[in-house]
Structure formats: C-alpha cells, structure tokens
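Given below, in the form of structure tokens, are the structures.
In the two complexes that follow, chain A is the common piece, with chain B as its partner first and chain C second.
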Partner chain A sequence: MSHDVNPLVILVASILTNNILLVYFLGMCSFVAVSKKIETAAGLGAAVIFVLTATTPINWLLNHYFLEDNALAWLVGPHLASKVHLGIFALVFFIAVIAGFVQIVELVVERFSPALYYALGIFLPLITVNCAILGGSLFMVEWKFNFMQSIAYGFGAGAGWALAILVMAGLRKRMRISLVPRGLEGMGITMIVTGVMAMAFMAFNGIVPV
Partner chain B sequence: MMLSVYLVGVGSFMGLILLLTGLILVANKYLADYGECKIRINDAEPLVVEGGSSLLQSLYNNKIFIPSACGGQATCGECRVRVLQGGGEILPTETPFFTRAEVRAGMRLACQVKVRSDVAIEIPEEYLSVQQFQTEVISARKLTYDMAEVRFKLIDPDTIEARPGQYIQIKVPDEESPDGFVFRAYSISSKPSETHEVEVVVRQIPGGKGSTYVHHMKVADKVEITGPYGKFKLNEDPECHLLLVGGGAGMAPMKNLIHHCMETTPQRPVELYFGARSTEDIFYLEEFEALAKEHANFKVVYALSDLKEDSKWKGPTGFIHLHVDKLYHPPEKRQVFLCGPPPMINAVITVLEAKGLAEDEIFYDKF
Partner chain C sequence: MNFLLKLMKKFEPPFKEGRLKRWYPLYEATETFIFEPTVPTPGAPHVRDAMNTKRFMFLVVMGLIPATLWAFYAFGWRPLAVIIVSYAVGGIIEVGFSIARKEEISEGFLVTGLLFGLVMPATVPLWLVAAGVAFGVLFGKEIFGGTGRNPFNPALLGFAFVYLSWPVHMAPSAYIVPTMHWPGYLAKYLHSGNMMVDALSGATPLSMAQVHGYHYALAHYSLTDMFFGFIPGATGEVSAVLLLLGGLFILVTRVANWRIPVGIFIGVGLLSGILYAINPGKYYPPLFHFVAGGLMLGAFFMATDPVSAPDTQGGKWLYGLFCGMNIVVIRQFAPLPEGVMFSILLMNLFAPLFDEIFLRRRARKEKAYA
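Here is the complex of A and B:
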C-alpha cells in the first residue's frame, strides 16, 4: 500500500480483506471473552472503533512530526533533526495516547450506559492493551500511510474488529442451543469458529485492489 | 548528541502526557459532572443533591438513613428501595438480591443506583423517622465470656422514639471500606420508655468488625448510631398473650419487650423461653426471676442443652423448642416473637405450626 491508494479503498480493505482480527488475529483476548452476548459485543465494538479512529490519526501526527527520521526539522532545524532519531520512543508514545483515550471512553461509557460499563467490566480498561489498537498504529507506520489514509484505516480497522465480534456474538447465541462436543465447549469451539470465519473472509480477497 | 536525543525524547513525551492528562481532566469535568439532581421520596417535596454519587450516599448526606450493613458494596442487600423513575437499568451486582417480580416493580439496592438525573423513589415511611445520634457510652459490661451489654446516652439529638422490638445501627470504623466505616445492626434491649438512652447486647463473633468494636467500648467513648429501624409491631392489647423464644444475643429485643410489657400492661401474660448451652452462657436470669416473683403473669424458662457433668444447674435441660412444645398452650389472643440462631428458630417454628399457629402469626429474626 502506498500514498496513491484512495482512503475509501483502504477503508473497505481494512474492514473486509485485511480484517485486523480475522486476518492478523489481533485483539483475540477480549474478542473471545466478550462475544457471549450481542449487546456487550456491540458496546465493546463501538468502544474499539472510537479508540482506533481517534488514536491512529493522532499517532500518525506524532509519528510524522516527532518520531520519523528528520521529523523534527520544523522544531530544531534540518541539521540537528538529521541526527536526532526519536523512532525508538514510538511504542511508548503510541501506548500513552491509547491509554489516555481509553480513559475517556471509560468516562463516556460509565456516564451513558452504566449497565454496559458493568457488563464489560475489566475488558473496558483493558482496551489499552488490546493489541488491535496498538497494531493499528504500528501498521499505519509500517505501510507509510498519509494522514487521510490513517483516518480511514483507523476507522476501518475498528469497524472490522467490531464486525468480527458482532458476527461471533451472533453465532455464539445460536451455538447455545446446538450440540457442541463436551471438550470443545466455550473457548475451544470459539477458536474453531473464528478460524472458519477467517477462511470465509478470505472470499473477500480481490474485491479491492490492495 | 546522544544526550539531546534523550532530552528531546523525554521532553516531548512529557509534553504528550501533560496534554493527555489535560484532555482527561476536561473530559472528566464535563462527563462526571451531573449537576444538581432532584430526589423525590414518597411524593414528598424533592431533595436537591449533587449528582454523581450513589443514592445511598446522597440520602445519607440528607439525613435519610437507609439500613446498610456492608458499606455500599452490594453484599448485604439491606438497602432495598423502589426506584420509580430515573435510576437506569438494574445492574448485574443487584439481581441476586431480588425476585423477578421485585425487579419488575423497580426494586434496587440504593448503594448501586447512581444519581445521574432526577429520580423518584419509594421507601418505607419508617426510614424517614430514622435519625443519626451522637452518643456517649455510659456503661459497658460483660454479661458472659462472649456477651457484652453496652449502654449509650444520646447527646445530639437526645431523644429517640422507638417502638418495642426495633433496632439501631452502629457506625463501625473500618479501614477496608471505601467510606471508612460500615454499619452493623443491633436490637435495642432497653425499654422504649427510656428515650434518652439506648442499650444493646452483642455477642462477640471471632473476627467480626461490629462485635469486636462494641466489645472494646469503654465508658465515655463517642459512638454514632442511627435508628430506629424495624417492622415489628407489638400487639398492645393487655389480654394478648406474648410468647418470646430465643437464644444468645436474641435476648436483646426480648428484654426490651418484657420490660415494656411489664411497664405498660403489668397484667399481660408473657412467657420467655431462653435456650443456652451451659451455665456459662446464662445471663439476666436473676433479673427475670425477680421480675417473675413480682408478676405472676410473667413466666421464665431457661434451658441448657449442653450441660457439663459437674454442673450445679437444677433447671430444665435439653433444647429449648422441646420445652416450648411441652409448656406452651396457645391461647386465643396471642403473639409470638422469636429471635436467635437459625436452627433454633426453625425448630421452634415447626413446634408452633404443629400447635396450630399460622406462619404469619410468628414474627422471627434469625441471625
């Protein structure tokens, strides 16, 4: 992927063909834990969409103006900037931004939906360490997106994750009345179904040129 | 050159952290600020409170004391109120305490309801007359090796209007609780006519927060109590026979009822059955025997279930419900009050039902 890809294409690609959960298998922990009920899955999905959409462009700005090679030229001049490499701080910067936004999400959820707040429990603050979120920021750097592309990618990755957990919650709702072999109940069958879903999503390959 | 990398790196990281902290503070200001909310109680004039804290806490700040033993952690299930409007959805922490019908009726635990908007609630009228008292210990004595009797003098306010058989709550300092204190409920053992004092009888529970606190009280200690609570209504008819059966700290409310009856209706027939293990567990016996000599209509039976071989005890032995079975003949007009450990209460209820008493005629308190 590069600068000339239309952000809309990136949006579709990150939801379907490059789904952050079903293709890269990031954010599995809360995906398995919170997909038991559709309402909580939708709540966590929305929270992840918000955090990814907000943090990916912010981290893009941080990366572009502070962390990249020569990024500091606007601050300290081109000569010094070529010698200072802040790239080593990337992980710390990214995770600080993510942690900050998760705090805000927590405040919002507690205010507007106490029932969801209790239902999500520890998994709400744990969005901070949801690898899908940090993964979004790191992929955005890796693939050299521009700012608009990073917005599209952040939202798309979040929407893809929310889509996956919602589908999973829907399937698990049906699964409650189906006969699952004793040893596979719960976690086991969830992992298998996730694998099958991932294969199904491969069918989307080719609908966008990335 | 390496140094400048660190300086710029640390500097910009600090800048970022400050920025994020500022953002969170702003969000907190707007999101956690609920402004002023109105709480309407039983269709009365609404209270205006600062939103954001629990209903229990908001009511407490406005001198309305809902019983609560756990300090707002949704473990005791005491602070039941009916929320008619504005409490939000019932939380998973509350559902175990209510039946489906109660959930439909809007029952909630006041400690779990956050006041975020105007709310309307319904609480038993008696909670509204509950007051908080500053008190001072005027006597504290051991009745047995594990039973203490403590008497408080009410200072502010100095008068309590309690019905016979009601209870109070004592504010117990507790470092583990988020509020710094918990409440523990104890029956009033002093007469209702003694309106300036409150006495309790408390059994030491190993590791118990409340009982340990009470057992270590000394004269002149300052203690905060709230009360009176309790739904029990004594039938004041002087001809109505009153049966009291209990054990251990169940003595407290029974002592209260006996003295009340002997004072207000001296001819009223009253029978007290008290079950204990051994002679070491006996207290108040002499006091009641003296009272029985004065009042022919008052009968007292103490029975010991776990008598030691060398004991000098000449009185009845065995479990107390067997004595109730043998000696109690239900008259036409009757009232029954049981207070003690659950197995004892259950055994007595079985005996009374066999004697033809209906379930709703028996008032009991198991603990």
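Here is the complex of A and C:
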C-alpha cells in the first residue's frame, strides 16, 4: 500500500481483502472469548470500531509530528531534529493513547449500558492490549499512510473485525445443535471455524489493488 | 423379497445385541438401503413428516443424474473414476465416524460425494480428489457431529480447500473441450497423460472472458453451446439445460426451497444488468453469467442444502440475493474467474445472521401483539 491509494479503496480492502482478523489473525483472544453471544459480540465490535477509528489517526498525528525521524523539525529546527530518534518510543506512546480511549469507552458503556458492561467483563478494558488495535496503528506507520488514509484504515479495520466476530457469533449460535467431539469443544472448534472463514474470505483476495 | 427380508433378519441378532454390536450402523444402513424403514427419521434434519433423510437425499441425487450422464458423454469415463474415489474415501470417513458415534450412517454423503466429483475438472489427479473430499467431510461435517449438524456445505469446503491448495491442478489446462461429434468421448478415458493426443484442453468461457474480455469467449463458444453443454468446465457444471431440468425436479418435489435459487438468479440478473448497462464493453451480459460456469449447479444443488442455508423464509431471500450479487462481484472484480462456489461458502457463514434478523423481527411482532 502506498500514498496514492484512494481512502475508499483502503476502506473496502481493510474490511474484505485485508481483514485484520481473517488475514492477519490479530485480535484472536477476545474474538474467541466474546463470540458466544450475538449481543456481546456486537457490543465489543462497536467498541473496537470506535477505538480503532479514533486512535489510528491520533497515533498518525503523534507519529508524524513527534516520533518519526526528523519529525521534530517544526519545533526545534532541522539540525537538532536530525539527531533525535523518538521512534523507539512509538509502542509506548501508541499504547498510552489506546489505553486512554479504552478508559473513555469503559466509562461510557458502564454509564449507558450496564448489562453490556457486565457481559463483556474483563474483555472491555482488555481492548487496550487487543493486538488488532495496536496492529492498526503499527500497520498505518509501516504502510506510510497519510492522514485521510489512516482514518479510512482505522475505521475499515475495526469494521472488518466487528464483521468477523458477528459472523462467528452467528455460527456459534447455530453450532449449538452440533455434536463436537469433546476434545475440540470451545476453543478448538472456534479456531477451525475461523480457518474456514479465512478460506472463504480468500475469494476476495486481490479484488482491490493494494 | 420375503426371502431377502428373512435373510436380513437372520443376521440382525448379533448386530443388535450380540458380539457385533459396534458394527450395528453398517447392518442398519444395508437393511434400510433395501427395505423401507418403518420408523421416521429420529434426528436432525427434517423431522416434519414421513419423508426421511434417505429418500430426501436420493431425490437430490436423482436430480443430478442428467448432468452426471452428460459428464460421461462430454469428458469420457474419467469423471466416473473421480466420483468413485470421492464416494469411497468420503464414505470410509463417514462410516468410521458413524460407528465411533454409535449412530446410523447418514445418506447425506451420497449427495456430498457426488457434488464434489461434479465440481472437479475432468483431468484432476485422483489423489487430489481423495484429499479434497477427505478434508471436506472431516472438517465440514464430521467434527460438527455429522449430517444435519454442520454449518457449512462439506462439498464446497472440500472444493475451496483443493482450489486454494493446488491451483495448478485446477488451472485452465485441466479442462477438456467436449467434442461435437457422436459419441462424444464415451469410449475414452482421458487423463493428463493421454489428453493431448485424444482431446484438447481449453480454458473455460469464464477464464477466457477474464483474460481477453467476454467477446473473445463468445467468439469461441456461442450462448447455445453453453446452454447445452459443449464447453470446457468442471465435469458436472457445463450443461445448463440438464441442470435446469434436474433443478426443477428437486424444486417440484420440494426437496429444495425455491426461494434460494430464485433469489440467486435475481441477484445475478440485477447486478450484472446494472454493470452491463454502465459499460457493455467490459462487463459480461446477464445471459452470459447464467449459462457460463457453475451458476446452475450452485444455485440449485449447493445453495439449497437445507443444513447450511438459513431456516427463515426472509433469511432465504437475503441469502440468495447476496449470494447472486457476490457471484457477479467475484467474477468481474476478483482474480478468480469463477465465484459461485466461494460465494455460497461465504453465504453459509452469514446464514445464521440472516436468520437472526428475521427471528428477532418475529419476536418483536409477537411481543407487540401480546
């Protein structure tokens, strides 16, 4: 991916062809744990969409104006800026931003939907360490997106993750009539079904030129 | 018949409570294969009436017979070998799991094994057929508890597996061009070794259209050729007219629900019509979509699988419509030439969510009345 790709194309790509869960397998832990019920899956999906859409552009600004090589030129002049390499702190700063936003989400959910708050339990604050969300910020740096592209990517990656967990919750509801061998119950069968989902999504591979 | 029944009953005791008890499913399958069982189907699917799973699956197989016979005519005896391998390997897995689960052997596999054979190219290596059907039956059905408990169509899963794992064997060079002259390739057994001598390999109309545009494909094969089945393609998908015939048969006998194929046709017609109106030089005309490739096979025989399709009527409409549009999207925009099988597999994933929409609406309505 590069600078000249239309943000709309990035949006479609991050949902279908480069789905953050089904292609990169990021964010698996909460995906497996919270996909038992459709309601909670939808709630966590919405939370992930919000956090990714907000943190990816903010981290872009942070990266562009403070962390990149020579990023501080606007503040301390080009000579001094070329000697400062704050890039090594990228992970710390990104996580701090994400943690802040997750706190906001937690407060809002607890205030307006206590039922969802208790259903999600530990997995709501754990969005902080959801690798899909940190992955969104790191991919955005890696692929050298501009600001608009990073907004599109943040929203698309979140929507892709939410779509995947909704589909999985639906399938798990249907699988209540299944008789899974005891050794594969729960985690095992969910992993296998995720693999099948990833296989089916490979049909979209290459549908958009990124 | 009486004599046969007596013979069967003579062998029953050791299977029922004797030392051969573990093998009872084998005895039961043989008995009900010959004689009509007096008990209705006890488990999923279809507990509604006297029609049991065995008759149900046989009707689907009957619907597929015309297209299967056409495969023997158009591509020689090789497709028969493919079907035999598919039945044998899948059947062994099915029987093994039935015995391990101490359940009756389900006839669902009669359909899966045949369908899997019919979506393979004629010259596909037999080991690949075995691998594909084994994967499909094992991961598409048995680990979920067997027929009626699986969320995906096992034949489609097997197909997706071999298509993604061994693309070389599913490439255009694996397909044979049928001959127009009587008696077709009826007397021949064509495989990759003797194919270049006795028959020509050729790209399917859809892969031609993808590389050179649909005009190029239409210059090689007319729409009538595609309708009657004189085109290269997977063994069971080429003859649209015979599949239509078999498809109408399973619709009339109510084995398949008409909403799903009709929804798929509307979805394909709608989206391809819009695209064709926008740019008739680039996008395929709607009729081309209908007769080239596996649309008929998929719409009538794969998508209507009652286990993996939605249960609610509204869900079936949505499932069909989205599936149809998805087929056009994949054929026109993705690097895959054909998208029918993948679209249906994708819709299998979404089927429970489609159901959920309509179940919730119904629940809300009932609440409003109460």
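Quick notes on this one:
Note that the second predicted complex is superposed on the first by the 210 of 210 C-alpha atoms of A that agree within 3 Å, B and C clash if a C-alpha of one lies under 4 Å from a C-alpha of the other, contacts with A are read in each partner's own complex, and residues count from 1 in each chain.
Quick note on the criterion: contacts are C-beta pairs under 8 Å (C-beta built on N, C-alpha and C of every residue); 3 or more make two chains touch, one makes a residue touch a chain.
Quantities reported herein were computed from a predicted structural model and do not represent experimental measurements.
Applying the stated clash criterion after superposition on chain A shows that chain B and chain C can sit side by side. Of the two partner chains placed around the shared chain by superposition, chain B is the only one that A:R111 touches, whereas chain C remains out of contact. Residue contacts after overlaying the shared chain place A:S82 against neither chain B nor chain C. The superposed model places chain B and chain C at 100 degrees from each other around the C-alpha centre of chain A, with the value given to the nearest 10. Applying the stated contact rule after C-alpha superposition, one finds that A:I177 touches chain C and leaves chain B untouched. After overlaying the two complexes on the shared chain, residue contacts for A:N70 are found with neither chain B nor chain C. Between chain B and chain C the least C-alpha distance in the superposed model amounts to 14 Å. The touching residues of chain A, when paired with chain C in their complex, are 38, 166-167, 170-171, 173-175, 177-181, 184, 189, 192-193, 196-197, 199-208.
On the side of chain A, the complex with chain B involves touching residues 62, 66, 72, 76, 80, 83-86, 88-89, 92-93, 96-97, 99-100, 103-104, 107-108, 110-111, 114-115, 118-119. For chain C in complex with chain A, the residues that touch the partner chain are 44, 101, 139-140, 143-146, 148-152, 157, 160-161, 164, 329-330, 333-336, 339, 342-343, 345-346, 348-353, 355-356.
Of all residues in chain B, only 1, 4-5, 8-9, 12-13, 16-17, 20-21, 23-24, 27-28, 31-32, 88-93, 114, 116 touch chain A in the complex they form.
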